[in-house]
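These are the structures in question, set out in turn.
Across the two complexes that follow, chain A remains constant while its partner is chain B and subsequently chain C.
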Partner chain A sequence: MKNKRRTHIKAYLLILPFMAGFTLFYFAPYVLSLGLSFTQGVGNRAFVGLNNYILLFQSEAFILASKNTLIFTFTAIPLMLIISLLLALYLNEKLRKIELYRSIFIMPLVLPTASIILFWQIMFEDNGITNFILNTIGLNEVQFLNSNYAMLVVVLIYIWKYMGYSIVLFMSGLNSINREYYENAEIDGATKIMSFRKITLPLLKPATFLVIILSFINSLRIFREVYLLSGSYPHESIYMLQHFMNNNFKKLNYARLTSASTLLSIIIIGIIVFLYMRQRKADVN
Partner chain B sequence: MKKKLRVTTKYIIISLISLVVLMPFIVMITNSFMQTQEIIANYSTQSGEYQKLSLIPTQVTLNQYYNVFFRQSDYIRQFWNSVILTFPSVIIQIIISFMAAYALAKIKFPGRNIIFIIILIIMLLPIQVTLVPNFMVLNLLNLTNKQIGIILINIFSPLAICLLRQYLMYIPDETIEAAKIDGAGQLHIIFRIILPQAKGGIAAVAILSFIDSWNMVEQPLILLNDTMKQPLSVLMTSYNYSNIGVAFAAGVVFMIPALIIFLLGQEYIVEGIKLYRSK
Partner chain C sequence: MRKILIILIIITLLISIVVGCTGENSNIVNTDDQSPLTMYVNEYDGSMIYHIENYNKEIEFGNIEGLPIEVIEYTYEDSEIIFNEISNNFLINQGPDLIYIDYLFSNYMDINKVAEQHIFYDLENMVKKSEIFQNNELNNKVLDAGIINDNRCFIPISYKVPYFISTTKNIENMYNKQIDYLQFEDIYKVIETINSNSYLIPDLFSLYQYQFIDLTNDESYIKDIEIFKEFFEYYKIEYNKVLKSMESLGGDLFKYLCDETYMFMGSDGLSCNCGDFHIIYWLYEEIKLCGLEPVLLNMPTDDNVINLHIDKAVAINNNSNKKEAAFKFIEYMLSETVQVNEIESIAIPVNNNAYKIRKQNFLDNSYDEPYKEPIDEKFAQKFLDMIESAEPIPMQHSIYYIMQNVITPIDDFLNGKISIDEAILQIESRMKLYLSE
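Let's look at the complex of A and B:
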């Protein structure tokens, strides 16, 4: 009994330094910000119910930022899934030097965005390489960074940058599938496409689930690339949620900040829980 | 014969894709060895002229690097800011998170699950959300516009502890039980039994955490108003506009620490990514 208590105390001591800082800088102010999102005023704060949220939805900047972020997420994630699954399947086919190729695909994760952004600028500026190529083959030039095409550029950079995560996860998922399944299917006369649909895809579900969640989390980090590419005031098609937040940090608009961050947390946790439940349900079946 | 042809095509295709993926890197490196004048000639884009992307310098020179190190007094300071904001926080974060992760993974105590769930939820939230509470506290403590503020926030960020806990869960309990029977104390267990087995996980998490800090943009942008204190990850692009003649070398120098870590630790990065499984 006494022994058990001593173990507990040791556990608390081990966890104390982290929990103290975590509570101070993350947890406590986070809970506070949830509460603040229902109040207004400086110093003497008054409870205003859902008023901040209503104002948030009336803000054009917020609507634009949410819309763009959604468009980005729903374009980038499916593309990411397809491209990285194809590459993982390709690499998995007993190629020699797999590790070398895999390393190449992981490398963009490590390269600082700040360094590489120069390359993207050279490629996509008005007088950039891509327009030079378009012009040479007789097509019209495009203002890539100052038109709706900007979103396309950002999706491309995102996939280039974060592909490594998904490829590693898909490859490890593919590796865990028993080879015998394929051999048996082949004996039964199944074509390659059939075994892909009946064996690979269903057994790859856990990996796919993980790739979706991670791509989703990473997709919210795209602000970095957008900011470095076109600063605080980008073309309106790539005005992202973080741009909106930055503006309100500058104005110290706590009502906006706390209500936007609360809303965002609810949506994100909701999506993740939803995906998790579906995954669990699929596991049970 | 036919099979051989197919295998060869496969290698050609995958090599081409790899080349495309590596292109930004290759361009940065080769261009960094060009004369400053050559760069300016290639990339200054006046009146409808296109930029000239050339892969091979007409003359290989360290001219740009010389300029970066000896003619750009700001650059060294900005680089140093990146170092200050990254290395101390990664080291302290790993130590503190490792201790806590060990308790969460291997010791049963009341409140363990609820603590972990809270950490997990905050970990899943994106930076747009967590910066709000971070900012509120730093403002309260008068730590905005100070580098220590960002360091503190990075130390206690929840990703490292979640991944380390995940890694420690894979270490079998039997090894710990056996040591306990031999009369080993908790500290002995941590340093002599767990630590050697957890080296790979610690390396993996440290690398991921380093990449995160070395690349950070949002935190310094909001928490440091003073450009003198901001790291290169935010300020690098100013060279692209105002000083293209040294921008390539400036970018490459900033990549070097990340590249060294990549070359030494790519196996760990793969392990680190796999830690996201079964979370």
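Let's look at the complex of A and C:
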């Protein structure tokens, strides 16, 4: 009993630095901003209850930003899951120079964002490479960054940037699956597709859940690229929640900013808790 | 475990609500704090720095009761960082005691949005108790430009009235007769005249932004789309002519270039962005020395009202605990002694006595170094009539901020990347987002 207590105390002491940092730099600011979301005004701050949240839902910009963020999330994440899983399956076939391919896919994550944006601008601006190719084959130019195609560009950037990370996670998940299952399935006459459905997918669930959670978090980070590409007021199809919050910060409208960020944080926590509970249920089953 | 989690969430919510309720009350006007006041000023704003140094000397010699001012100078390149720093300071109930509103401030902060957050202290009570304000010593029309949402948010210190100056020969060429008042449609000829020697005033564009934007109309934020299209399509042609000329001529294109007045001189056509007695006298003299006859005309506006632009203003931070001391500086800046100082200011004073003195000097050519050519009475009176009939532009600073930061598609149009119709669509979309955020 005494030993168990000692072990617990040691454990708490070890995580104390992290908890102190987390509390100081994440939890405390979060609580403070939560408090700010119930107030109005920077000088002469006044308590206004839920008024900021009510006004938020009346804001056309917020509605548009939420809609675009949802569209982006539910388009980009599934697409990226599928593409990265397929690539992981392909790379898992014991190819030669597998480390080289892995490095190539991871590279976008480590490159500076500003450099990446330069590349995408060259690809998709009005006088860019893509329009040049379209012109060459007799098609009309497209305003990729100032039309509804802008969402397509953002999804592409997102997949290109974060695909490598997902591939590595999937590959690690695939490597942990015992080869004997596939051998036994082959002996029993299962096709490759059946093996994939009945063996690979179920045993890949832990990795899949991790990829979904990380992809979801990363989908919120795409703001950096969009901001560098299109500024504070991009085309309305790629005006996201982060634009809304960033612009309100510039306008010193901290009440609007904190209420939007609180709402977003509640949704994110809700989704992650839901996914975590599903994962636990799957583990138990 | 679940119970602990729920209890933790409830405690967090309660703490946050308490934190929210106990936001700092900024009704503190004055405390015993004797530390200097703080104010951010761009290092190139020699005029304001000069006045602050003089103010600090007056305090040191005991001529004025108040607190000295610590100037925090910043470079133009660091402007964005500085204004982010100021924004962050506002959030934590800090920031400079005195808020200096110049063109840079308007570039980075929408004054109206700042006012909505009650960052500016409402100066109305202080104004009511102040002798200089109550003795009709100041131009109330200009001062009222500092009222936003019924709060007196800032006090203008100086203003400018834009005008167009040319020669009788040039006007004759343009209109086949002499005219003394320009209509808005005449802007095309104005641009052409300025461009006749491949010179262009870039700031003509920012001058005319106020004619086009309507922040109150939800249907369309551009006042008159047809005029907007016509103006910018014409402007684009002239803009590109200048670019081509600059490419072919290269080198030193301009005879005279004055950053503060945005003035370019051609052999036949001139124009000037700002209004000040010295600058206009100097222009008048230069034209006369060329053997030409100067003509003063208004900068045409769509509603035929002559606009005045607030040049500089000062506000007090709502979070400051030295508001009375800060207000003393504002009173100092509005005093006759400071405002009559023509060397350090090229804008028009708000102090009525200072304005009268400078007006008389202008009419009598009674300067320390008089101009060679005494100014024509009719010409001078026209300038004075323009100043005295000018009206402040509603929401001047907001519109300036919007043009610099929101309506950037117009640059894409001028550079040939998009058509005017596409630019208009993008502008309307951005304006809608900006106003509904």
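Everything that follows uses one rule, which is that the second predicted complex is superposed on the first by the 253 of 285 C-alpha atoms of A that agree within 3 Å, B and C clash if a C-alpha of one lies under 4 Å from a C-alpha of the other, contacts with A are read in each partner's own complex, and residues count from 1 in each chain.
As a working rule, contacts are C-beta pairs under 8 Å (C-beta built on N, C-alpha and C of every residue); 3 or more make two chains touch, one makes a residue touch a chain.
Remember, predicted model here, so these are calculated numbers, not experimental data.
In the superposition on chain A, A:N146 contacts chain C only, with no contact to chain B.
Looking at the shared chain after the overlay, A:F57 reaches neither chain B nor chain C.
Contacts of A:L32 after superposition on the shared chain: both chain B and chain C are touched.
Between chain B and chain C, more residues of chain A are touched by B.
Legend: residue contacts after superposition of the two complexes on their common chain; A:F74 is shown touching neither chain B nor chain C.
In the superposed pair of complexes, A:F132 makes contact with chain B only, with no contact to chain C. In the superposed model, A:I272 lies in contact with chain B only, and not with chain C.
Touch criterion met: A:S261 reaches chain B, while chain C stays clear of it. In the superposition on chain A, A:Y233 makes contact with chain C only, while chain B stays out of contact range.
Across the two superposed structures, the residue set of chain A contacted by chain B and also by chain C is 32, 126, 249, 254. Residues of chain A touching chain C in their complex: 31-32, 34-39, 41-47, 59-62, 64, 126, 143, 146, 231-233, 235-236, 239, 244, 247-254, 256. Across the complex, chain A meets chain B through its residues 7-8, 10-12, 14-15, 17-19, 21-22, 24-30, 32-33, 87, 90-91, 93, 95, 101-122, 125-129, 131-132, 135, 160, 163-165, 168-169, 172, 206, 210, 214, 217, 220-221, 223-224, 227-228, 241-242, 245-246, 249, 254, 257-258, 260-261, 264-265, 268-269, 272.
The residues of chain B lying in touch with chain A in their complex are 10-11, 13-14, 17-18, 21-25, 27-28, 43, 45, 48-51, 53, 96-97, 99-100, 102-104, 107, 109-110, 112, 115, 118-119, 121-122, 124-138, 152-153, 155-158, 161, 186, 211, 214-215, 217-218, 221-222, 232-237, 240, 247-248, 251-252, 254-255, 258-259, 261-262, 266, 269-270, 273-274, 276-277, 279. Put simply, chain C touches chain A in their complex at residues 12-13, 15-21, 23-27, 87, 90-91, 93, 109-110, 113-114, 116-121, 317-319, 405-406, 408, 417-418, 422, 426, 429-430, 432-434, 436-437.
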